[in-house]
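To keep things simple, chains are lettered A, B, C and D as they appear, and every chain counts its residues starting from 1.
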Amino acid sequence: MLEIKDLTIRYGNFLAVNSVSISVGKGQITALIGPNGAGKSSIVRAIGGLNSFESGHLSFLNENLSNVKPHLRIVKGLSIVPEGRGLFPRMSVEENLMMGAYSLQNKALFQDLMDRNFALFPILKERRHQLVGTMSGGQQQMVAVAVGLMSDPRLCIFDEPSLGLAPIVIEQIGEALISLKKQELTVFLVEQNASLTTKVADEIYVLSAGEVKFHDTPANLMNNKEVLETFLSA
Amino acid sequence: MDSFLLLLASTVSTGLLLGAVFALVAAGVTIVYGCIWLPNASNGQFFLLSALVAWGLTSSYGLNSFTACLLVLIASVGLSLLFEKLLFRRLYNVPDRNISYFVITLGLTQIMSGIFSMTFAKWSDQFSLPPLVSGVTMIGPFPMTNNRILVLGIAYLSIALLFILLRYHPLGRALRAVFQNREAALLRGVDVHSIYKISFVLGSSIIYLGGLLYALAYSFDLTIAWTMSITAFAIMIVGGPGSVLGALVIGLVFGFTQAIVSNFTSPTVATFSYLIAMLLILLVKPNGLFLK
Amino acid sequence: MNQPGAIPLLSVKDLTLRFGGLYALNKINFEMHANESLGMIGPNGSGKSSFVNVLTGHFKPFSGEMQFAGQSMLGKSAHQLVGLGLCRTYQAVRVFGNLSVQRNIDTARLFFAEEGITEHQYAQYLDWLKLTPVLGKTAKDITLFEQRKLELMMRLVLKPKLIMLDEPVGGLATSEVSEMIQLLHELKAYSSVFVIEHTMRVIKELADRVVVLIAGEKIADGPPSQILSNQRVIKEYLGSAHA
Amino acid sequence: MKIKPLHALLTLALLVLPFLFKDNRFLGFILGITYLNIFWATGMNILYGFVGLMPLMFAAISGIAAYALLYFIAEWHINFWFALPVATLFASFIGVLLGLPSLRLKGFYFTLCSLIIQSTLTLAFIFFPKFTNGDTGINQISPPLWFGEPIKGYAFECMLALMAVVGIGVSYFVYQSNLGQRFVAIREDDVLAESLGINVVINRVVAFFIVSLYAALGGCFYATYIGFISPRSFDVLSSLNIWLFVAFGGKATIAGPVIGSILLAPLPFLLQSLEAYKDILSGVLIVLITLLMPGGIYGTYLAWRNANK
């Protein structure tokens, strides 16, 4: 569904990402983990068109993303929940969800998507009129996930959803991701927290200092001492 | 006794009207600043331009005020698009573009005031527009011209429409989204650059409307431009740069201040107080009163 | 390791920093002596950069005491602290991009004007950091590694007693990282070093002692080997019980 | 401090010119005005070019100095040469106070704040007629005496030429000195400058004091040279105009403000018939310079020369 081939990103002379190749299969949860500063967010920003990149090839549903204007990529079904959640603090939960559906072609789906999100995160229904800026980190993350789903995407990319969240909230996010997989949504999860990813992901890439060091299933990675070592002291 | 009541009535009606005009112009300035980071120092010249052109149409072409104002508003959209394309689009991706925009609009102010002094200044030194409608109606004990009532109506209707557009219409929501989180709006599918264009046209049109409403209610001269620029900036800064609610509320407050103050001393004292208020807010609470 | 009676180079007692209700730093305590080199690690948002900003006078602490070479640091602004011998670098490399490398260094030498470092020392540092070939270039046009070295040069001419290095290897290619670590080893001869990183890779080779900061609180303080096996660190760092 | 042959030639030219226009009062007057503007522009360049702040309250400081000078001369009955230093220091002290917001605000917010200060002071000039004789301004200002003889005409132009050259010299000295390097460091990155031991606050205050001296001295000589001042001589447009000379010529260089003043200052007088075009022309130049040539003439030339070196 999403192919990244030899992606290289440079800020001035700072090499952030060094010829990284990742492919995200349909209906799967593919994860990319690595400590912060490893270049994960640069990859997500390049996919979203927020960053230019030096070389490499990005294709979504085998269409070259470079030919698609950044604000039209969501119409193709690619929804990104960026690092820092990408919310509108001085708007209510409901208005944030409406912005999530800004690019929705078939407006009839709107209410159905809202109901599905309220089912996924019941708390959002009670607090639909509350300003998002006044909510806790965990609640904001739920709104961010819901906003990502409001455009009825084929692929949803989550950039560090666990950032700054308490462990129990991270569990809830994990459960939500698993239930999304059951609804055949393809997910590309970019994370720093290894425990969340190993529980939900089907395939994991480990990134360190801008280069993919490992690519394996969670089971093999668990008992691979070397991964742990590189990851902890990467 | 009733002379006091009359004074009170006229102050209230002036306060209401000035308040609405200030609120509209300040809202126009703050929308453009919030969205594009463009502090429009020539908003007073825009304000004056629409009034003068409308005056030209009514006095030398004999059009009635209504058509003149309509023509001005329509033409202003073209002018705004031209300004946006020629002057402002070039700097959209420059991070600290607000200082360059500020200097460009100061240059624009000088160009426009030069043009006015060579054209309109030569034709007359006092300008006003013929009333939209004639007659007087009594509101309780107070007489009020129908024209002023109509102008007040249009002014507050426009404020209401602006508020509804921003609060409930998807375009208004997209505008606020771009202001609150530019990149997130882009990710949700908002074409940010077209929103920049729309916000500049919307902001400028509101300023042009303010000019027309003022010209319909009061006679004015060329000095109104610089005073308006300073007042609109003061309202934006005190209300909070980018906060339309702030602009509307502080606009009304300043409108009433102007009305009350100019009854006792000269209006310049009011301008003086706006400057001091702006200075204090800039130093003490740069985010203004309404921006969290 | 250090004579018990010696005055610590840096001592921090119950240092607390609050933004509104949020505790960025909560009662941090530790000491550091001149001949020691210290490391600090902590995940994102653990308060590392707030810690550096408080110590170098960019933020005012809410409460607590900070002493540098026996003198209190409270109320001192960043440039005064340079006078005491405390300098810092920034997480993102920070040089005067539009000025030449030579002008960058000269700007740093302004501080001491006459009684600065001797010409001999200056030439020695320049040669050690291999900056002579790029002196004429504009700072933004040299490689990131050279910019990092320029940052070190600009601190050394200030005759520092302690340099706080904020993620000194950030953004470097793997080959350059080992070269930088070697440089930092040699740097210890000229000034004490305090390295802030979010992983152990650099710290375990440089620091005699490591302070671990999580959510604004010091949860561990000891030699790198001990830290690596500290259950609480691994648990906090890697998320729920995984190791 | 090496003096390049070009600079020596330029200085000599500036000093010699008044003799050439000795009898032609019209051109002589334009020359005098140009010198004054060179002096002002060189002063503003220290803040705008070296320290990186755009002080739109510059003309107000000149105004304060001019009005103070006339007040001291009239009330204390002292002659010009005693009143000058007092008025200049008084205005410079106020100039430093007006500069304090720059310790908190930068970029656009500082420029906006300086615009507000300028507008407030212009209003103050109008509304405190006791000192400024209000909107009508003060005329028949007597020129300074030199051993009993009033300095007028070409003699004044020689003095202004000398003042301009001294002004350029001082700014050249500041630019070369440690102080100038600190200013440039603050302009480039004031947080980094602070962490390299530069006391950003004190250096900004010093910069404001030096620039205020330029503004104040210029104001005093402007008043006695022109013989008439009014609030309009020291309003926002005057500050913007001086800024334009610096930006048009080339900010952060020594020659820039001089070139800008020489090219632009005489225009309003030479285009006497097209008076209203003055505003339009300077407005168009402001827009073009900001959009197309931020480095100004000399700045762009320097960049082009370095690029091809």
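Convention: contacts are C-beta pairs under 8 Å (C-beta built on N, C-alpha and C of every residue); 3 or more make two chains touch, one makes a residue touch a chain.
Please read these numbers as outputs of a predicted model, since none were measured by experiment.
**Student:** Measuring between mean CA coordinates, which chain is farthest from subunit C?
**Tutor:** B
**Student:** Please compute the C-alpha centroid of subunit C, do the same for subunit D, then give the distance between them in whole Å.
**Tutor:** Here subunit C and subunit D have centroids separated by 44 Å.
**Student:** Express in whole angstrom the distance between the two chain centres, defined as the mean CA positions of subunit A and subunit C.
**Tutor:** Their C-alpha centroids are separated by 33 Å.
**Student:** When the C-alpha atoms of subunit B and subunit D are each averaged to a single point, how far apart are the two points in Å?
**Tutor:** 34
**Student:** Could you say which residues in subunit D touch two or more other chains, in rising order?
**Tutor:** Within subunit D, no residue touches at least two other chains.
**Student:** Which subunit C residues reach two or more other chains?
**Tutor:** Residue numbers touching two or more other chains: none in subunit C.
**Student:** Counting only residues that touch at least 2 other chains, which ones in subunit A make the list?
**Tutor:** Within subunit A, no residue contacts more than one other chain.
**Student:** Line, ring, star, complete or other: which describes how these chains touch one another?
**Tutor:** Contact map by chain: ring.
**Student:** Going by the contact rule set out above, which residues of subunit A touch subunit C in the complex?
**Tutor:** Residues 12-16, 18, 35-37, 162-164, 167, 170, 192-196, 198, 209, 211, 228, 231-234.
**Student:** Which of the residues in subunit B end up touching subunit A in this complex?
**Tutor:** For this pair, the touching residues of subunit B are 170, 173-174, 176-177, 180-181, 183-192, 292.
**Student:** Okay, in this complex, where on subunit D does subunit C touch?
**Tutor:** For this pair, the touching residues of subunit D are 178, 181-182, 184-185, 188-189, 191-200.
**Student:** Would you pull the subunit C residues touching subunit A in the complex into a rising list?
**Tutor:** So the residues of subunit C touching subunit A come out as 43-45, 93, 140, 142-144, 147, 167, 170-171, 173-174, 177, 198-201, 204, 228, 234, 237-243.
**Student:** Provide the residue numbers of subunit B that touch subunit D in the complex, in ascending order.
**Tutor:** Its residues touching subunit D are 39, 41, 87, 90-91, 96, 98-100, 102-104, 106-115, 117-118, 230, 233, 237, 268, 271-272, 275-276, 278-279, 282-283, 286.
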